[in-house]
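Before we start, here is the structure in question, set down as structure tokens.
To keep things simple, chains are lettered A, B, C, D and E as they appear, and every chain counts its residues starting from 1.
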Amino acid sequence: MVKQTTASSPLLQVEDLGKTFGQKPPVQAVRGVNFSIAQGQTFGLVGESGSGKSTTGRLVLRLLEPSAGRVLFRGNDLGKLGKKELRQERRHMQMIFQDPYGSLNRWMSIRETLEEPLLVHGLLDPAGRKQRVETLLNEVGLPKAALDKYPHEFSGGQRQRIAIARALVTEPELIVADEPVSALDVSVQAQVLNLLLNLQESHKMTLLFISHDLRVVEFMCDQIAVMYLGQIMELGPRKAIYRTPQHPYTRALLDSIPGRGKKELPRLKGEIPSPSAIPPGCPFNTRCPLAFDRCFREQPALYELSPGHVSACHLAEAEGQPQGRPNNIAMSPGTGA
Amino acid sequence: MTNISQTNPVLDVKNLAVTLTIYGRPVPVVTNVSFQVRAGEAVALVGESGCGKTMTARAIIGLPPDGARVGGSIQLEGRELTTLSKKDRRKLGGSRIGFIFQEPMTSLHPTLTVGAQLCDTLRTHLDLGRKEARDRAAQLLDRVGIPRATAMLDSYIHQLSGGMRQRVMIALAVSCKPALIIADEPTTALDVTIQAQVLDLLKEMRSELGLAMLYITHDLEVVSDFCDRAVVMYAGDIVEEGPVASILTAPHHHYTRGLIGAIPAHDEDRKRLTLIKGQVPPLGAWPAGCRFAPRCPRADEVCLKHPALEPFEESAVRCWHPVELKKKETSTLG
Amino acid sequence: MSLEQSDNLVVEQAQTLDSGEVELPAAVQPWTTWKRLRRNFTAVFSIGILVILTVCALAAPLLTNNAPLTIDPVHRLRAPGVEGHLFGTDYLGRDVFAIVLFGGRTTLVVGLLVTAISMVIAAVLGLLSGFYPKVDAVLMRVVDGFMSFPSIVLATAAAGYFGPSVATVILALTIVLIWPSLRIVRGSALVARELLMVEAGRSVGVPESRILWKYVFPIVRAPILVQTSFIFSAAVLGEAALSFIGLGVDSKTVSWGSALTEARNYIQNAWWIAVFPGIALVLTILALNLLGDALRDILDPRLARR
Amino acid sequence: GDSATATPPAATTAAAGSTPAAGAATTAAAGSTTAAGAATTASAVKRGGDLKIAVSALPAQVDPVVSTLGTQWLIATQVCEGLFATDDNYAPQPMLAESSSYDPNGPTFTVKLRTGVKFQDGSTMTADDVVASLQRYAGSAGTGAILKGLVKEIKATDASTVVMSLNQQTGIIPALLTLTPAVIMSKASINGANSSTPVANPVCTGPYKVTDYKPDQQAVLTRFENYTSRTDPTNGAAGAKPAPADRIIIVPQSESSVRRDSLLTGSVDIATGLPFDFYDALNSNSAVKPVIIKDNQSLTMVFNTKQGPTANVKLRQAIYYALDMDPIMQAAIGNPNFYSIDPSWYPFPNAIWHSTSGADNFGKSNPDKVKQLLADSGYKGETLRWLTSKDNFNEWYLPAQTVQQQLDKYGIKVDLQLMPAATVAQKRTDPANFEIFSSFLPAYPDPTLIPYLQSTFPGFWTNSTKDDLVKKLQTTSDQSQRVEIWNQLHALLYQEFPYIKFGTEAAFSAVGKNVMGYSTSPANASVFYNISPGK
Amino acid sequence: MGKYIRRRLLHALPTIFIPLVLVFFLLRLAPGDPAVQILGDNATPEQIAALRTQLGLDQPLPIQFLLWLKGLFTLQLGDSLFFHKPVLELIPAYAAVTLQLTFFALVIAMVIGLSAGIAASLLRGKILDRGIIGVMVFSISLPEFWLALVLIFVFAVTLRWFPVAGYVSFDEGVWASLATLVLPALAIGVRQAALLTRMTRSAMLDVLDEPYVTTARAQGLPEATVIGRYTLRTAAVPVVTVIGLSVSYLLSGAVAIELIFSLPGMGKLLVDAVSRRDYPVVEGSVLTIAVTLVVVNLIVDLVYAWLDPRIRLK
């Protein structure tokens, strides 16, 4: 049996989540990630390519088995659900993918695509399904005539609308959007972002929004987590992250946004190391312009700078309170090498 | 067109038109494109996907796709390229024009070493021995910021990270000290941090070699502190051209305005983005008049006629109803 | 014998797919396939040839009064046109025209059944193999084993058990031709498995069986379709090859392959015995190969220029 | 044992000879040859050169003892000799024997050997070699068993005399010893090998010796210069062996059109075992001569006489009288030059064993008789299973098909079951599997050697009269009496019909225009040592 | 690399083992008795039974299988029932012929296939390209045995350029040996050439469309360098696959050609052995073919690795 959540507890709670792919060498894609998202919030995950954003998103929806940690959704540990229960639970959590060309089944008409989640979850009768699908299509701004067409007949933006409609059709409580606009042109991106905002308001849904584009994340999210090498480097409310970023990585990222050259720090050197060879100490130590000897020895804990704003940097120690749980990676196998 | 340097243009494109043959039917992809790039100047070619940016660039280097017809005139350092023999034209590539492609992973040879590829270009255009070419290649790699340059000569492209690959690409493009560099979205595939590094490098190379640069991008902001002028394309047409600063802050064409409005602004409470409604018309289905008219908030009957690119304030605009500068103050831009 | 090497292409495709470097045909859409097919001259041309040959085979009793097996030793080796024998008679006095028509029935039936059976088996096993790594590990070894097994031994053993017959030929060819197709299907399934849309389906909660059928099968359908025509031609050639080494259909049945084989001593003195079934055979294989190429163009834009 | 694959003159090994017309042409061309009928004289042919022969297959090894398959004896036929050899009329003549005689009081059979005969390794043949060879032969399968049954003991009484003590009187030993497996090899080369282990390099006395042997590639036979030839005139395998060619090179070419083409392009001198349809083209080509070996073998069907409908003699008779032989042979052979409608179970007309006894009005159907016999037989339309194979298209399949058509008219149902020849050979050993199978039968040096007459032969014909006659045939030594017994047996076959003969088939070879000295007799069609390439 | 090869060979074990087990049971379960085949039909049942005992064929199948397995692991494949020679002595001569034929056919296929394929790709859409495609599709559609007979008629019988059939080994004269192999090699090589043409052309076209070729051209490299250095080598990877497949096909698939041209190769040996039920020879041939295929595949993989550093440096 799946319990109902109480209004106060967060909708989604991620505890010590870790994921290691393969064996030789193990790729530690996600390590000791903790966060929670309250009902109706938009939570942003940013970071460079390979920092583990998508993997986190997939772990949250349990499209991947975590190697460590657990995901509580509506108070239930997803890991404890049976195969069938999990499948049923999926109607409450949906995903939007980056590539609107690849994520739609091109052999299914839009009607089939949109009805499928209802069908497989046995929701509504045929008339009800039809009704619901048409309403949703209208909401995402597509004409009814679209129903009997196939994905290839639509542009990228339109397809992303269809993907959004599919994600919404079972009225889920959580949507994980993995770079939903990265593949789109600016003008279309703006359309989709506006649509997402509108829908979120009207459907009161909770959004885990993944993007590498700091401008988009800033625009969309209430809470933002900056990831690096599978770990959260800094997490906090949008204003805190963008106005008073603490972590050198966050600051460097912000500095790199094109056209907004205020340049607090020197340019980041080099590139993100491979997640199969994570440097000891602070994972960012290879590129950090402010790194000092401790960073090479010791994994920084998460320090709370202000309520809800935490940073995993030794430099934050002075300013912040160590949080209950150190940001350590003991739970993900294969570390220590 | 007013406040650019008065030197002779390195690249002078006039009335460039590219027509492809699709299913046996001629389909225009680029029409009436004219612009100039002067020495030391960086010009941004901006536009949404499919508007013909890459096609323009490929026409300039003389490598349009099979079955394409190229019309108009292209002059490089005063030499007309379109009438050159294929062979002579080919020789200009790599020596006078350097080209940087979007995807370094696929644009560099997967089974030849980095050094071999560099040496090939060097030895084609410069009279160098094997050893000299190799030394030169190592210097180049070093110059573009690749550590352990000599060792890297023997590595393959798949052994390098994305940023390194693009650095190699840049080294290749500047290897023979060309007059002009055409960079086709060189940072689109890169992370922001790496993008910033690469842009820095390009900036350095430009000033160091006095290069003229045509920088193709879909993101206006990327070029704001990098390019001098911007040429905005829409559906094969240039719709606006002018100094980057002015285009970013005071766009005259409704399309340019829309593009800029669509970029999420910094540090504002969430409010909706300004939108361009509809979508880019597909190839072969361009409207007869102003191609932006179906999406334009200001469109009226006049717009059924194709407008010319007319000077307007400090820019040039292809619009019957250009946005005037004074109104700009109240616009949404931050 | 060309039956082992059903077609190099077949395996060659399989290998490209195996290596996973194939992006899926972006434009493969059933609803456009037909339109593209109609626009493709080669496809229309080859389908035309196949239709004509098939109709001739089906309408054989209407087109000729002669039964293909009626031996008439008195009228042996008559040249074409003589005594009402349009294509002449063979060394037993059988009407070559009738042999070509009725032989087409056998040959086309062999081709059709071999293709159908082997493709169905290959499709099912290939899908399973592509989707379930454990099945895959076992099955791929079996495939390798079978592919290095000389088909001649298999054909002989089959002929030994069941006696030479159409069914035996079909059995032998089917067993030989399953494997390359299986590898192709598996290759596509491996690619399909990694597709975003499959993950998207899962994320929505679509059960695995439906994923296989609704998401993955349509993707492997395109290579299967292309493969079909190559397998068909391999089967037709294989039947001829089996006939040649004496393992073909029984002599109660005529087929192009057996006709060609029996005609091999007459190339120099009675060319018509060899030439007419030969033309029919070559035309069929030609059409099938052309169709295969055309289908590839149509279904897989990446390979469109081949 | 099936005749199909049984003896040296079987169709598959056929060789040289000349039609009278072609023979005449040779005479004219060569200027010195006198071709009298089938045989040519040794002195007439030109010496020297390589004689190249294309055959469909070479035996797996030289040693003939290990197999009863006639095709496996091809090389031994050329390089080895027996105590006796057949002439062109299948009559046994002494070869390594000087003389021989039966002694009814023993009974014994004594052979005096020629003296001074050299083996190919230079040693001289003695009675010990003969005893060793014959004992090994007697232990072998097939005809060897017949010898074993007849002979109590084989021993050498002196260096040139071999005495066989017999279990009973018999007249068949010389004929039996003309068979290739009965050839004499040096005891040293046999080296104790048993009858089923082949001798790797048999050392014989023949006019050629094997110098290179690759079964799937070629056999090179080089003239044995110390060959001790007989002095009596050449006649088939008997008499003097002139060995005109320096070397005989035999190459296997399984495709008959390829054998023909090899001949046409001059890369071989003789192409054996050709389809009859090649005749016209070869006949009109001046570079080659077609060679028809008439009366080579009988085409037959064999009944299951043990069980099932065909165990009923009336049905078998009905079937016989339902058949018109000429259409059957015409369908099988095509060209009337290549077959004859001849009832004799001994197909060669010149042989003393040729017989028409019992066969009245052979070859024509008799519908009234058929109906009568069918009614008598109580045949109720049971389907008769006929095992046949496409592997022997002309000899098995085509006759079967025509017979099926002919029987159909009388309501006799035949189900032709096609399978590989190997499967037929196996299936027919079980009487539950069939009613009829296809077969063919060449001539044998002696009628007692005809495998059909053994009751173990599939068909399982057992008949006390037959057994008596066969026994008498074996134990009588007087030739004219034996012919008489054979005629009785022949008549019995035409009453009981354990098998039906359709007609006699020729074999067909072709030779280059200069080739001389080949035999057109089926008895010696695969004897190559008297042939000259003429170059 | 050594480790890689070892792993590959280990993987290949089932590839060798499966066909062997298959052939063991197929042969023994199919009707047809080697004893009958050896002795001929004139042998009596007792004699046949005796021979069966001698050959061990009277034992129960599982026992035979175990004995056979034991033989296999000690590489005692037994003697040919027909040639009475150890299989391992018999096969090399036949394998040598097949290898020569394969080699020549491959040379023909590669010379024609590679040059036609490259020419067609460089002239894509032009008349020559279409002509090459036409000839290629036609060649693929010809049954090999048919082509062989036509070749004999034209080149051996009519023009007399080459012998009709037969095999002359190298030590008997290199030219004579080559002459005997030309027609058979052509007869099977043409089809392989056509397949190779198709693959080469498409591989070349794929590579010519690769951005890195555009880069090479944009860098002003001469066309000869662009094709020779930047295109051929990468295009070679799929082509090598097809060559590998051709080799595996030629090794066991040339039965009809070997029969027609009377070449004592593996195909002929196998067909004969199967029809004679010469079990040890069939098993030995299957083993030989399977092992050769494994080696061929290994070589193909090594060539891949040589051609493509991405594989080599993994």
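Keep this in mind: a residue touches a chain if its C-beta (ideal position, glycine included) is under 8 Å from a C-beta of that chain, and two chains touch if they have at least 3 such contacts.
All values derive from a computational prediction rather than experimental measurement.
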Labels of chains that are neighbours to chain C and to chain E: D
Of all other chains, the one whose Cα centre sits farthest from chain A: D
Contact-richer chain pair (by C-beta pairs counted) among B-E and C-D: B-E
Separation of mean Cα positions, chain C and chain B [Å, integer]: 51
Chain D-chain E separation of Cα centroids, rounded to whole Å: 40
Inter-chain centre distance, chain B versus chain D - centres from mean C-alpha coordinates, in Å: 92
CA centroid of chain A to CA centroid of chain B, Å: 33
Multi-partner residues of chain E (at least 2 other chains): 31-32, 124, 149, 153, 157, 259, 275
Where chain C touches two or more other chains, by residue: 160, 264, 267-268
Multi-partner residues of chain B (at least 2 other chains): none
Which chain pairs touch, all of them: A-B, A-C, B-E, C-D, C-E, D-E
Touching residues (chain side chain C, partner chain E) in the complex: 1-5, 7-9, 11-12, 15-16, 141-142, 144-154, 156-157, 160-161, 233, 237, 240-241, 244-245, 257, 260-261, 264, 267-268, 278, 281-283, 285-286, 289-290, 293, 302-303, 305-306
Interfacial residue positions of chain D with respect to chain E in the complex: 1-2, 4-6, 60-61, 66-70, 72, 141-143, 145, 196-198, 214-218, 251-255, 257-258, 261-262, 264-265, 267, 420, 422-423, 425-427, 429, 451, 456
Touch list for chain E against partner chain C, complex: 11-12, 14-19, 22-23, 26-27, 29-32, 124, 137-138, 140-146, 149-150, 153, 157, 191-192, 195, 198-199, 201-202, 205-206, 238, 241-242, 245-246, 248-249, 252-256, 259, 267, 270-271, 274-275, 282, 285-286, 289-290, 293-294
Residue ranges of chain C touching chain D (in the complex, touch as defined): 71, 73-74, 76-77, 91-92, 159-160, 163-165, 246, 250-252, 264-270
Interfacial residue positions of chain C with respect to chain A in the complex: 26-32, 195-197, 199-207, 210, 214-215, 218
